[in-house]
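So that you can tell them apart, the chains are marked A, B, C and D in the order they are listed, and the count of residues begins at 1 in each.
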Amino acid sequence: MDFTFEEQQLAFRDAIRKFLMVEAAPEMLREIWETETGRSGELRAKLADQGLTALSVPEAFGGINLGDLDWVLVQQELGYFAIPDSLSATAYLAVYLLNHLPADLALKREWLPRIAAGKARVAVGHPINPLVADARNADLLLLCHDDEVHALRPDQVRLRLNPSIDQSRRLYKVEWSPSAETRICNANAGRKLWAGVIDRAGAAISAQLLGLAQRMLDLGVDHAAQRKQFGKPVGSFQAVKHHMADVAVKIEFAEPVVHRAAYALAHNRPQASVYVSQARLAAGEAALLAARKSIQVHGAMGYTWEADLQMFMKRAWALDATWGDRKYHKTRVADFLFAPGAVLGPGETFS
Amino acid sequence: MDFTFEEQQLAFRDAIRKFLMVEAAPEMLREIWETETGRSGELRAKLADQGLTALSVPEAFGGINLGDLDWVLVQQELGYFAIPDSLSATAYLAVYLLNHLPADLALKREWLPRIAAGKARVAVGHPINPLVADARNADLLLLCHDDEVHALRPDQVRLRLNPSIDQSRRLYKVEWSPSAETRICNANAGRKLWAGVIDRAGAAISAQLLGLAQRMLDLGVDHAAQRKQFGKPVGSFQAVKHHMADVAVKIEFAEPVVHRAAYALAHNRPQASVYVSQARLAAGEAALLAARKSIQVHGAMGYTWEADLQMFMKRAWALDATWGDRKYHKTRVADFLFAPGAVLGPGETFS
Amino acid sequence: MRLEYTERQKQFRAEVREWLAANVPTEPLPSFDTKEGFELHRAWERKLSERGFSAVTWPKELGGRGCDLIEWLIFEEEYWRAGAPLRVNQNGVFLLAPTLMEYGTPEQKQRFLPRMATAEDIWAQGWSEPGAGSDMAAIRSKAIRQNGHYVINGQKTWSTRAVYADWLFGLFRSDPDSQRHHGLTFLLLPLNTPGITIRPIKQLNGLTGFAEIFFDDVKVPVENRLGDEGAGWNIAMATAGFERGLMLRSPARFQQTARQLVDLYLKHRDEADADPSIRDAVMKSWAGAEAYALATYRTACRLAKGGHIGAEASTNKIFWSELDLLMHETAMAILGARAELMPHAPDAGDVGHWLDGFLFAQAGPIYAGTNEIQRNIIAERMLGLPRA
Amino acid sequence: MRLEYTERQKQFRAEVREWLAANVPTEPLPSFDTKEGFELHRAWERKLSERGFSAVTWPKELGGRGCDLIEWLIFEEEYWRAGAPLRVNQNGVFLLAPTLMEYGTPEQKQRFLPRMATAEDIWAQGWSEPGAGSDMAAIRSKAIRQNGHYVINGQKTWSTRAVYADWLFGLFRSDPDSQRHHGLTFLLLPLNTPGITIRPIKQLNGLTGFAEIFFDDVKVPVENRLGDEGAGWNIAMATAGFERGLMLRSPARFQQTARQLVDLYLKHRDEADADPSIRDAVMKSWAGAEAYALATYRTACRLAKGGHIGAEASTNKIFWSELDLLMHETAMAILGARAELMPHAPDAGDVGHWLDGFLFAQAGPIYAGTNEIQRNIIAERMLGLPRA
């Protein structure tokens, strides 16, 4: 029984954090978000240099073949620095799909090396989301149709942009026609694949929500420590302290839940999906509370565009409802919890 | 449109308050509760002198023939001073039943004057409560059987005491056999009568819960103002202030809801039952919050038998689930709120 | 107690309902935080004023309808029920006007109020400063009297609607040596006075709902002073009282939202019940809006009988701001993945207004005195707990 | 990361499960806040000690089993799962013992720990005083050294289990001129020492779970001092750290309650769903208990790798106490009118234990440092916000 990460996992996480601290400062993200695509090839290249795009790609295709547990720590950082969806969709979800395709080596050979090298963006679309993120500047779209997996080129889809309150998100309504030519996996195998994608998206988003919650907490604490009212820092008022403490508690008890979910995915535990939904709910609660408490502590500043807080609040609000909203994840938890003979209670935490 | 009480209603309320302040001090109640019946004939006689037992009794039977709206202010005081169930069951619920009996003048003539004079206790039993309060020292029991109303003498029932966490409550399992001889009202008329009883019990309990909430708030504020920690009154700490303020807000917005419910009963408004259930939920929320916050502000003292707080907390916990628990009252609200074509929104507050 | 409307009140309701049915724009106006929307809202206020509806509680001779508070509540109920436009001049009509009526000279009332009723003048408020938010007494902007004028230097911020408004009312320090609440003076000035620079502040939704205002030797004639020199604090507190009190948020607004939330829930019921907290929150929302309406009617009736607004100002502020959050968070939960779509997103359908309301609700517990300040006020003034 | 038990751990679990199955009393023992129940619980502790189960984390030679924290968690899981009796000596085993092991002399360990393991000595704690609750540094009870003894005068309160316990550990002011944290000394003394008067304090449920202790020239030999004279505060803080930290509330306790709550909900499902907040609260309860278990395993593993308990002590305290309230409030809501019945009420059926738990849960956010104090600690020590 060891519920800690390996030294090199933590070291990699720390390296990514240092890197993003410099390369993904809020003012830079704001610039990128003003652009039409909302994406920066330059940043993507740098992320590739860090190895992020190659994380799940098998060595045979130029990757470093790491798994869900390595990703979860990275995802927390992606959340903390509000890195847009495209990286995770391409390097984690799309690669998972491609890796697990029954056959179709050609497709793997064509795309996995380019993804690993940071030279390709892949959009992943499933009906659980009404829209597809980053469909516009994707080089490849992997879409779901009746549980089948279809691979489409940009010229095979029609896109309609739908602006989100989270400026970092680029959502598109995708119109396309499934055909034998676009299908790369049938419904039978596809069903399992898409379930795996939804769970991994769930783990990724839980971890990002955790990171976002931590960022909003840090911003709230910084503001409270500096901003003075009635002659002293607002952070010295007990009500403000307790707002921030409540957020810290929520994060403290959401993180291990997220980590268990990632472990369960990495080891194909039977209850992995339930753990993922539990993680989504715990991390979502932490992020929503962090948003509410941090804006409250910011006062009127928190309601402005200038204060960085808004970037992270809006992203938390948006992500909490993607790849399954709270209704979806509560249903999955309830189906497990209230099933006859559910295995619960002391001693069953890791069964 | 006038949402205020008449001067004499307020004056009567104030008189009752002054009276109970002296006659129902916590130490006196504690003494009474130690007795086997948990009731004091002496106190009942004094309450009768104040006219409380005659409130709803028609003048013809020696009463002062007042209604639900007069009762609601009194009930708040009964709650504030934790006056046991028997008074309200006898003088409000039983009198309502007797007043509205289709005929059976004999029964009215026999009991209403004695009730008005404070010389009789009546227990009222309905399946909505698994047990009957104060069945032991009742001179008459009015019980429900398949919506019929039955009147029983003490020697016609077998009783089993069930101790409640609220020492002021005397609950009994009542075993009895309905017969043509005990029936005083058939099911058809009875159905309407019992509905009226449940609604009036609801109004009475909402008002009592409000009074209890106010009492617990006052006790919390007193304690916080006196008790010193870290060299100053705990009441000067912002966290403690905000606990108490939250309770004050809940009470402030529960009270008018309770008053509307009483008005709707007094004027047979079509939505009276829904308003009563809304009042039960609002007042219950206020009382439960007051209990939690007040014990928190009391610290370890609040967890003791000596501190008066416990008397009011326990009563609030118990009353909140009698004559319909939250499940029951939420159902009644939902049935109204989610019915097709429900009349809601601006302008419909008094329709 | 009599919870029924009089015939006169019923007739008034009928008149308002009929007029609104005939006049409310069929298409929602663009936000008044845009130049175009602002002027369209100004035109709407003028339209309202033709019937005295832009300021129903004012005396007729000043452009109102002479309504009492119950009639005001009736008007608000019909107004929100009809889905009429937001009130671009509410800072003037609901915040400044009551103060003007109490402290203004006859000349000032004649000069300012009729033009306010017709929205020829739209007013912004100048309370907060960078160092004076919750702590309003920390105001530093100076207004030094020099032969018949006050010369203003300093900065105001969070001035709602100031980007497009015509006039400003605010507090300035007329005695440079004074501390805290003393030496403050209440001034009224046109926002086009030379020396004024307005910097719009972009808010969460990207629009410029408020602004910073910089004063550089801005000259304001003495006759634009409201009340006595140095008496500004008490006058402003009266306004702040009104702001937090009865008129800032009429219950009808929340009853309308609650009703729409019930409809939204029923429309997505099967799906929504997968998260049982939603159904419970919808019930709490309706009950909360009703409770707020009832409490407001009660306060209105007490005032009619000569009572005063006390801590209700603070309890109201906390209650409606938390209710508004609950209702919009619940709507977001029902909408799920669609909740993030901007109102103009092609696939947003008709639910975009929930996002607008959700964002606006975030400001509720913060502005007009944070809820933390309100809780302190309740604890200290209403419950008598000792100050720290 | 490896979230699987080793063979050794699995064998230990099997051993514990088997032993408990064979030895846990079939009938629940009477409350240890009664004289009879207290002695029956003492006997149970002795029974446990035969297998080293009364203090599994202690070294074997002191009467324990030499378990690491993971094995302790496994033991607790099996213990709660089996519905075994509450631990009458937990103040000694979980609060005092770790401190004794860290600060005690070899003689003191030999003298006190084995008798603690076998429950020959059951320990009460003497921290709080009438004027020193949350503010423990305000201790005024004096222990003045006089030739080989400390002479204690003063009063302690909220001393859990003191009514029937054998020994007391506590903090006393050995330097009469000292202030606050200075000049305090940690002493161990038999509760039957002449000069001690114990006044039981009746708690919510009517039982005397704690007591006031009055000291009148009570003589305690110097060898009963733990650590140096005047060093009491730091030693006590270490204990307080443990108390609020890992061992005061093992996750298994809450996982067991959550599991029982799920069963209770399923048993009354149709009725319970009339209040949709119940289903949501049941789900939150399970998720909360799981989260608490996971966080505890994580902390245990970090400690095993040489980490230290930091602010977890405070975050744990807040989390489990609020979770315990949620679970029991939810059970009360499900039970409705039956919830008020005392466990011995003839028609209470088998649900009386929920009321007991509900009452006990009320103390959670208060004792061992109120949750307000814990939030201050988190904000100041973990988040670095400025002190008031």
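What we mean here is this: a contact is a pair of C-beta atoms (placed from the backbone, for glycine too) under 8 Å apart; a residue touches a chain by one contact, two chains touch by 3 or more.
Predicted model only: the values in this text are computed from it and were never measured.
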Over-half contact-pair match to B-C, picked out of the listed pairs A-D, A-C or B-D: A-D
Chain pair showing more contacts of the two, A-D and A-C: A-D
Between chain D and chain B, distance of the C-alpha-averaged centres to the nearest whole Å: 39
Centre-of-Cα separation between chain B and chain A, whole angstrom: 53
Contacts with 2+ other chains: residues of chain D: 275-276, 278-280, 372, 375, 388
Where chain B touches two or more other chains, by residue: 237-240, 242, 330, 334
Touch list for chain A against partner chain C, complex: 128-131, 160-166, 169, 171, 173, 228-231, 237, 239-240, 288, 292, 295-296, 299-300, 302-306, 310, 314, 317-318, 321-322, 325-328, 330-331, 334
Parts of chain C lying in touch with chain A, wherever the complex brings them together: 128, 131, 133-135, 138, 157-158, 201-206, 271-272, 274-276, 278, 325, 329, 332-333, 335-342, 344-348, 355, 359, 362-363, 365-367, 370-372, 375
Complex contact set, residues of chain C against chain B: 1-6, 9, 13, 70, 74, 76-78, 80-81, 251-252, 255-256, 258-259, 262, 265-266, 279-280, 282-283, 286-288, 290-295, 297-298, 300-302, 305, 311-312, 315, 318-319, 372, 374-376, 378-380, 382-388
Parts of chain B lying in touch with chain C, wherever the complex brings them together: 1-6, 69, 217, 221, 224-225, 232-233, 235-238, 240-242, 244-246, 248-249, 252-257, 259-260, 263, 267, 278, 281-282, 330, 333-334, 337-338, 342, 344-350
Contact footprint of chain B on chain A as seen in their complex: 237-239, 242
